[in-house]
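Each chain gets a letter, A, B, C and D, in the order it is written, and its residues are counted from 1.
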Amino acid sequence: MRFDYFEPATLEEAGELLREGKGARKPLAGGTDIVIQLRRRVVRTQGLVNLKRIPELWGWAREPGEGLRLGACTPMRDLETAAAVGERFPSITEALRVVGSLQLRNIASVGGNLCNASPSADTAPPLVALGATASVRTPESRLETVPVENFFEGPGASVLGTGGLLLAVEVPEPAPCTGDAFERFTPRSAMDIAIASAAAAVTLDAAGERVAAARIALGAVAPTPVRALRAEEFVLEKELTPDVVARAGRAAMDECQPIDDIRGSAAYRRELVGILVRRVLRQAMERARARSETETV
Amino acid sequence: MATRKGLGIGSMYYGIGYGFSRADIGSAEIEMAEDGTTTVYSGACDMGQGVMTVVTQVAAEELGIEPDQIRVVAADTGSTPDAGPTSGSRATFVQGVAVQNAAQELRGQILDMASRMLECPKENLHVRRGEVCETGTDRPLVSVGKVAHQLHFHGRRAAAWGWHDNTTQDVDPETSQGDAYATYGWATQLAEVEVDTETGRIRLTKLVSATDAGKAINPVAVEGQIEGGATMGLGYALYEQHILENGVPRTASLAFYLVPTSMDVPDIECEIVEVPDPRGPFGAKGVAEPATIPTTPAILNAIYDAIGIRITETPITPERVFFAIQEARARGEFEED
Amino acid sequence: MSEDTSPETTGAYHWIGKNVTKPDALEKALGATEYVGDMVVPGMLHAKILWAGAPHGVIRNIDTKDAARVPGVAAVLTASDVPGTNRYGLAVPDQRALADDKVRSAGDALALVAAEDEEAAEEAVAKIKVDLEPLRPILTYEDALDPMAPAIHEGGNVFQHTTVRKGDLEKGIEESDVIVENAYHTHRMDHVPMEPEAGLAYVDPSGVLNILVGTQYPYRDRRQIAPALDLAMNKVRVIQAPIGGGFGRKDDITAEIHVGLLALKTRRPVRLVYTREESLIANTKRHPMAMNFRTGARKDGLLTFLDGDIYGDTGAGVSLGAYVIKKAGIHATGPYDVPNIRVDTYTLYTNNLVSGAMRGFGVMQAAVAHESQMDQLAHRLGMSPLEFRIKNCLKPGLASSTGQLMNEGCGIEATLQRIKDYMSAHDLRFNRPHA
Amino acid sequence: MRQRYALRVNGETRETEAEPHESLLDVLRENLRLTGSKKGCNEAECGSCTVLLNGRPVVSCLVLVPDAVGRDIVTIEALAGDGTPHPVQRQMVEQGGVQCGYCTPGMIMSAYALLQENPHPTDEEIRFAISGNICRCTGYGKIVKAVRAAAEEVGRAAS
């Protein structure tokens, strides 16, 4: 796996290096996916452009009322241990805590997790459910904002194409009375890859009863992380009774497109979607209620 | 999350050593230097489980010297005698006796010389904590080091060879009747599992392992074998499967081949049972495999106890349990909450 | 001898039963222990293996010309370069150090490279061209039992058939009030020693081939290496290096013959360190087994018979499979007094990965079946699974499935009793059978 | 293309030559002969190669060597640098947390990093902190016990 290695100090330099490479060079963030892919020879490259020395891509900011901004190269573990993230966006923390190992999360970045565009990327469902957007620098150096749900184009493929860069992810401040939750299903309790995962963000009405808005996202059950639109639509303006939650789960089962692989059959993955959607909806609703109580006090 | 708990038992017996008339021997040499420090040349491989430590303790006990006076040189065809493999839970059981035999002979050499030095009948002497002592009073008379020095000074032997043959007859070719193994290991485990009846996922929440060590020569090492064995049994039961498709491995990576992590294993409770076996050193026998075997059946039985469904195929993946529950439901046989 | 005060008579041990610290533990905790992969010898070459990757086929040709031209490559070897028998195997020598006529499993080694560094060796391996004529692979128990299927080795695919016969099976069946019958399937498992296989070999000035390897038995390694490489046994020295886990896997030949051959041919020290992927592909695994068990008991709770068949997939080499599967057969009753027994075992060749010794050695699989049967019988009889076991377990004076009389050191009842005591002390109860 | 790199390892600056695609693990082991960090999988699935990078535990098999330039690297060899084993090392030995020893250095580095950050961890926190370190011999129980005992020892020494 011989390749050239570059360490640009600025975004402009990085963009130029990638452009020169005409698709034969790849950006490197944490590197935890691409280094393995290069070693397994499933990916080949002539050069790696390390983005981690570009200051703008580092760090995160959370101002109450102004959402969360994550630099694409920020190590996952930084966010995982940040109380300010966990308090307001528990689904993000829940996803971060289960990615690989702790020693991996000290290297791996959220940006890299998204750019790798694995259908099972753990951080994708909560970001999609929370309506996060990606700040993208196109190969033509244009800055664009793309909803994370539209970021993925297929397994290993994203809107970045061969020369684009992900700069940051922005999670908007949730509406009042909003709760979110993430759950993934794996055989082991640590160091595993999702057979299926789901995240939900639920906003309740002022009374804390009916669903005013809901976003549900699924992982590992389609070529990309996807929203469960029919399930979302179904719960709208309803109380999340056990029956409503169960029917939302069934709607999500119908709209996912899982495949068979050695981790699990398509049939099982579909069943898991129903179960996980029920669980994250209930959890998100409880958190929304708890929040509505503290917010109204 | 709908979960149910269940308890299950797994028991086993396991022929210790090779059996089937396969050569099952242990051998060691022990040599004491002029200062009384001792080297055991032991052919048994230590894989970290502690046979080197067992060899040290057996030699120390028999020679009456401190373990830190003993060094073990292990498993080298250029320097140690053949002690058979470290497998079949046989290392302690077979090599322990070989070392015991060698150490007893060396002790005899020490006492012979001490008897001459002290002009005291050998029968009235024994070795204890590095001293030759008067039997009865335990009064130290001369250090082992001084005796060793005299052995060397006078050109006497200060070295011994120990051998132990644990080879058994093969069983009858038609009926398999016969004394298949010199002895057997025994173990029973109690597993408690939590079954997620929605997903089929199983979690081992408790494991108690009652394993007969005969005599635990080093209890912490025995516990290490028990805990490690049960964890490997847990991996076999729930997580690990090497999948081939058309003969070609599809799980040739630890990202796909799942070994239990620290978050998957409960605190394993070790109940060391000691039913002495006169054929082993100080009554001891091996535990490595006996501690591994009962875990999977205990988990299988605990799952049945929890949900009334008998799984007959391993590994017990969540998917397998999930569809077993679905099928039981379809037959009207699943006990709903 | 001072018999009166010997600890064996008095039981007052000084060191037996004490937690003496392992002499090798501290250096391991310091990171100072050198496993084979940590060792460096001046002038050392690095080895890599070309694996078959396909389960079955006739080797028409292996072209190593391009590989040999890679800069830094010192040797590219195939079966024709092996001076000795090229064979090894713990029960019978049915495995080739380097595949010659055929590929029999995806884990067969086809060629060896030694080079100045690992990258050059890898590059050379990638340049070896293999012309393989695929053969129909034998992958299932059914295929292996089919007498018309192509034989993987001479002599057919049923390597061994063993029989356990005791008492009168028909009588046992007649006496039974409950009978439980099931088919059990167990899977292939890997040992996953944390240290992947590794070996380091060099020929010393006296002409002795020295091999450092994480092995479980250096003497048997020597017994296998010498004929495979046509060396006198006293010209082979095998030294156990610190071993990062074995679990039965390193009971067998792993890197020994390959590094030995490369050192002989290059006259330089050669080190081979497997990747994890190679470790998962090559060498032995735990046998998958299919077990059909029928077991009976009387109303009074005593076992009456076991009628069983065990099929073990040993892959493309027997290794210790014949003993593993025979052992499964004689342990098929579990630790219980079963008066009437018929058990047949079959050791089957397939084109799957070779299975051999692994912690539990056949009894791991048998226990899945016998313990499941025991619980089902207990439930059918309305008995506690624990009491049912205590009632039937072997005790001094009773005989095992092979007719071996139990005497001292028969501890099963004590382990069951210990669990029973634990359950009552902690107020633990089975849910089933329902009261 | 080989390049020179200056790495800050265990408090010393070490110059070495490597290709940029080489991992920190390989450079530590092969170039600097710091072989305490082990290679068990080379893809972040076993934790045997754990070292500290700027005080945090990382899998050194996935860190490319140029990426380690300018950061503080601490390996197992530094823990008893003054000749005295660290309490985690000593307790691993005393509690029986060491068997084959291959996972041990990585395990100790994870535990050491945990105690730096959280001197009084619960058993659950210990299990979480070492969940990226696979051990095939011990079943983890004695390792958890060793880390707990080491925490107590460090606590006693500090008070």
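Note that contacts are C-beta pairs under 8 Å (C-beta built on N, C-alpha and C of every residue); 3 or more make two chains touch, one makes a residue touch a chain.
Predicted, not measured: the structure shown is a model, and the values here were computed from it.
Summarising the inter-chain layout, the chain whose CA centre lies farthest from the centre of chain A is B. The geometric centre of chain A is 30 Å away from that of chain D, both derived from CA atoms.
If each chain is reduced to the centroid of its CA atoms, chain A and chain C end up 43 Å from each other. Separating the CA-averaged centres of chain C and chain D is a span of 32 Å. Multi-chain contact residues, meaning those touching two or more other chains, occur in chain C at positions 19, 21-22, 24, 28, 192, 243, 245-247, 276. Of all residues in chain D, those that touch two or more other chains are 41-43, 45-46, 96, 98-101, 128, 131-137. Each of residues 47-48, 50, 220-221, 229, 232, 243, 251, 253-255, 259, 261-263 in chain B touches at least two other chains. Taken chain by chain, the contacts fit none of the simple shapes, being neither an open path, a ring, a star, nor a full set of pairwise contacts.
Contact between chains, per the stated criterion, is found for A-B, A-D, B-C, B-D, C-D. Residues 1, 19-21, 23, 42-45, 47, 50, 53, 56-59, 62-64, 66-67, 110, 128-129, 131-134 of chain D touch chain A in their complex. Of all residues in chain A, those touching chain D in their complex are 1-5, 7, 28, 31-32, 35-36, 38-40, 48, 50, 52, 77, 100-104, 106-107, 189-191.
Against chain B, the residues of chain A that register as touching in their complex are 185, 187-193, 195, 262-265, 268, 271-272, 275, 279. Considering their complex, residues 19, 21-22, 24-26, 28-35, 37-38, 40, 191-196, 242-247, 273, 275-276 of chain C touch chain D. Chain B makes touch with chain D in their complex at residues 47-50, 220-221, 223-224, 227-232, 253-255, 259, 261-263, 265, 267-268.
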